[in-house]
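Next come two complexes, and both contain chain A; in the first it sits with chain B, in the second with chain C.
And now, the complex of A and B:
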């Protein structure tokens, strides 16, 4: 176990370096001068250009820039500052909370409803409930998230104002319910389908027949024997999906006007504010890698059949 | 699907399972018998055929070009006899726009998937067949690209090249979308790598290249093809998302995602602007998903 954990941790290091380097190169090696971008079409005096380029290490070779950046981040926990002098950590600070609340809402939604629907369908395989769940989830997967978002906003936010239609004025959880459901709709479908297939398969296993033969009640057989083992792939998916929810929140944040990290990064990309983009995406990647790592390790606790060697 | 048993072990199996009349009952033949009886398979195929026809010969569906004969006096009108899908912000026919939007959408979906499939086949074969250091390196490269958030990564690249067209979109979507298929291909290759027929071929002195091409590839291909079909749908949805965010294809170009982008501020009062492109977009994505599902069910004997 510990050897496996160590090996997995060591594997995560090159992936972290690779992904962050790739992002760094994408942001800084592609055409477009960030200092010029601040001034728009107006000419920038050479001295200003030079001073600013020097100050933000823009004249160094890219790899050296990356090295300095990572050093600052990992050793001092410093995300650097934007070209207008604002600290990146200050620009992103409050926004992380918004994105995290949104991701958590979506995650809880897909966990609760997804598993419920999956169990409902899995216990009635081939019946109407099963067909309904399969059909509904296929639809949700197929309809792009921004279409789901707008439709939900128009119907449930504007026409029948059950939920706030935009913004975060009503605080958590009320303001985040509708955006959370929209963001979680894709994952919900996967969770429901995974649970259904996995449960239906496990209910045919020998140990379930044994449990039934022993005279255990149906609910106990389903929950303790069937469901518990069926949830292993679901837990894996849910774990990995949390990272994806954080990174994929950008569309939902846009539709519901939530001031999260995604919105900020999207604006910053267009304004060529490289430090903000790199800072936010690097942290997102870090979350993603860590969550994956944890899921891989927890996997073995859930399923004793898995051996680490 | 290719002929699965290419040589050695095939004849006996086909003989034993030969209840079906005609030539040997291969997996692909069984799958086809199964597929033929599925209404969803035919529905999905019909929708895709229709969309493909729109993409190939839009003139069949409308005599109008895109943004032709626009009349600002009738902007944002709902569906009517003259304009089946209503008119857009500038009073152009919305139906013509939807018809012409099929081509870039479908083209990007299919071409991106083909390139991603090619990468997956090469990387997956090398990684699964040789294992060891090759596998480790390819796995780490895959992880690196897998960790990039899709929308943000694509936006960074696309914003750096203003005025990009379908080519650049394809490139970006391939760059960010090849990883899943590599992993599946690798898993498949590992599962057939040590099969008896592969060992037999090796004993007969076949080269690595020949074993991979003739024995491993055909037997590992089926699940990857299924995922590729599903992937077309995902790519189309991804492309539409980028268009919708305003970083994908730009105005004079035509696509469903772009239509939705232009419509976004007006959908509350003029829902038809959202409904029609969204309907075609979703139906196309859905059809690719259903097609992939149907093929998978047909190819997987365990589910029967």
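And now, the complex of A and C:
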């Protein structure tokens, strides 16, 4: 298994290089000069322009810029410096904690409620519970996140102030509950539907019939013999989705005014702050790769037929 | 002698898209301790459904037991509350399924699947159940059982898997074992081993064995009595010896003619013509009529009752006596 993990990590190297290069090229291919962008309408003196362009390697060919950036990142662990002189790592530092807390909250919400609803519906196929879950999840998938977000904020944050409506003043978990639910609502729907279908299918399997023939209790038949096999596709989704939650919180962070990475990336794209965007996304890619590796290893625990060699 | 298991007039129906499909239409048999009863029939004859109804593991709905009775040691099982029924299942009546690869849970080690029987029914501790599991695996001749406890079903050969399946069914030394096509998924040589194992364990434990199969060859070596099922009903009931020697139902005659025999030069094998009837639209009268070379007008009008042609030998055919007397054999040119 360790050899497998190592090989997967090695395979991650070209993935990492490919994705970061693509992001780098995209960000720096944006039209307009980033130094000029900082000054807005005012003219920038040639000497200043020249000095800054030198300092941030902007006169080098793009690939060389990328090379220098990666060298700094991999050898010195340095995410570089924004054009206003701030260290990118310092700009993102505290924001990672906010984004991670939000993602974890959303993820736990997806996991617990999604699987619970899925089991509930899967055991009552064709009945009212099943119809409710299917209808409700379809609605959540169909409605855009900003509609869900503002609606939840107005109803549960303002009209009936059960949760804080915005900001992080109440700390984790309280401030993160409502945004977490909004962010996780999409994934929740998928988890519930996957669990439902997968469980309903597995309950028809031969080995579940065997489990019943053994005279086991219904709960034992469902949980031990039905659910465990049903969770394999769900784990896949939850794994991939954790990465998506980390990176996909821009809208939610905006609605609930959470100072996370998403908000920073959004601002930086508008201000053409390439180093910040590249730095944030590069770290997201790393998170994605690691989470996927963990998911693949967890597979082996759920399904012994998968072999790592 | 009082029968151990007594199934009488068992009826099972399914509701499929609003239509009623009658899968079992009045199956009756008895089984004594230490005896082997073979239930013969082709796919769709209702033999597996009937077995699952006896076990109480049919999905209800869509299935519905519409009549009849299943008695174990004189106790009626149908209509027993699920909690009590569950105690019977696996403990007093156990079942072996056709394909052990799919019938065993692929993601749980076999040792745990065996131990589960003792833990669920006997409240055994982890260690005790584990020791019992090793004993079981040794009993069905799995080599180095203790070290293979943690292995998963896919790590065993097909024959070994079926042995483990049998071990699991026999864990609590049941009174009745129902084996539903236990050798169909196996090689011929392994089939013989499994049948010998079943016969040995039947004798050791003194249990009654219900062997469900479509394979006449499997039946011959082990069964005491046979029931031939067709379209959910009993076509013929006889001792295994009588059934082979002098079948009294045209369907049984057809089945026997379609099996190659070493002691006779049969020339071309005669298949039973046609296909089994759709249980949702059974023909009037005798269900075998459309495929029967012997059919006459009366067969479409009246459903034939089971009539005795000899002591312990019954067939549901208007012409049972004639068939029994050997008319069919002359017809089929043997």
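Everything below uses one rule, namely that the second predicted complex is superposed on the first by the 297 of 309 C-alpha atoms of A that agree within 3 Å, B and C clash if a C-alpha of one lies under 4 Å from a C-alpha of the other, contacts with A are read in each partner's own complex, and residues count from 1 in each chain.
Heads up, the rule we're going with is that a contact is a pair of C-beta atoms (placed from the backbone, for glycine too) under 8 Å apart; a residue touches a chain by one contact, two chains touch by 3 or more.
For clarity, every value in this text was computed on a predicted model and none was experimentally measured.
Aligning the two structures on chain A places chain B and chain C next to each other without any clash. Legend: residue contacts after superposition of the two complexes on their common chain; A:151 is shown touching chain B, with no touch to chain C.
Of the two partner chains placed around the shared chain by superposition, chain C is the only one that A:228 touches, whereas chain B remains out of contact. In the superposed pair of complexes, A:10 makes contact with neither chain B nor chain C. In the superposed model, more residues of chain A are touched by B than by the other of chain B and chain C. Judged by the touch definition given at the top, the superposed model places A:220 against chain C, while chain B stays out of reach. Touch criterion met: A:289 reaches chain B, while chain C stays clear of it. Using the contact criterion defined above for the overlaid structures, shared-chain residue A:27 touches chain B, although it does not reach chain C.
Once the two complexes are laid over each other on the shared chain, residue contacts for A:205 go to chain C alone; chain B is not touched. Shared-chain residue A:251: touches chain B; no touch with chain C. By the touch criterion defined above, A:270 reaches chain B but does not reach chain C. No C-alpha atom of chain B lies closer than 10 Å to one of chain C in the superposed arrangement. Common to the chain B and chain C contact sets on chain A is no residue at all. The residues of chain A lying in touch with chain B in their complex are 11, 14-15, 18-19, 22-23, 26-27, 30-32, 138-139, 141-147, 150-151, 154, 158, 247-248, 250-251, 254, 262, 265-266, 269-270, 272, 277, 281, 284-285, 288-289.
Residues 52, 55, 57, 86-91, 94-95, 97, 99, 102-109, 116-117, 120-121, 152, 154, 165, 168-169 of chain C are the ones touching chain A in the complex. Residue ranges of chain A in contact with chain C, taken from their complex: 205-207, 209-217, 220, 224-225, 228-229, 302-305.
Listing the residues of chain B that touch chain A in their complex gives 140-141, 143-145, 147-153, 155-157, 159-161, 233, 237, 240-241, 244-245, 260, 264, 267-268, 271, 274, 278, 281-282, 285-286, 289-290, 293.
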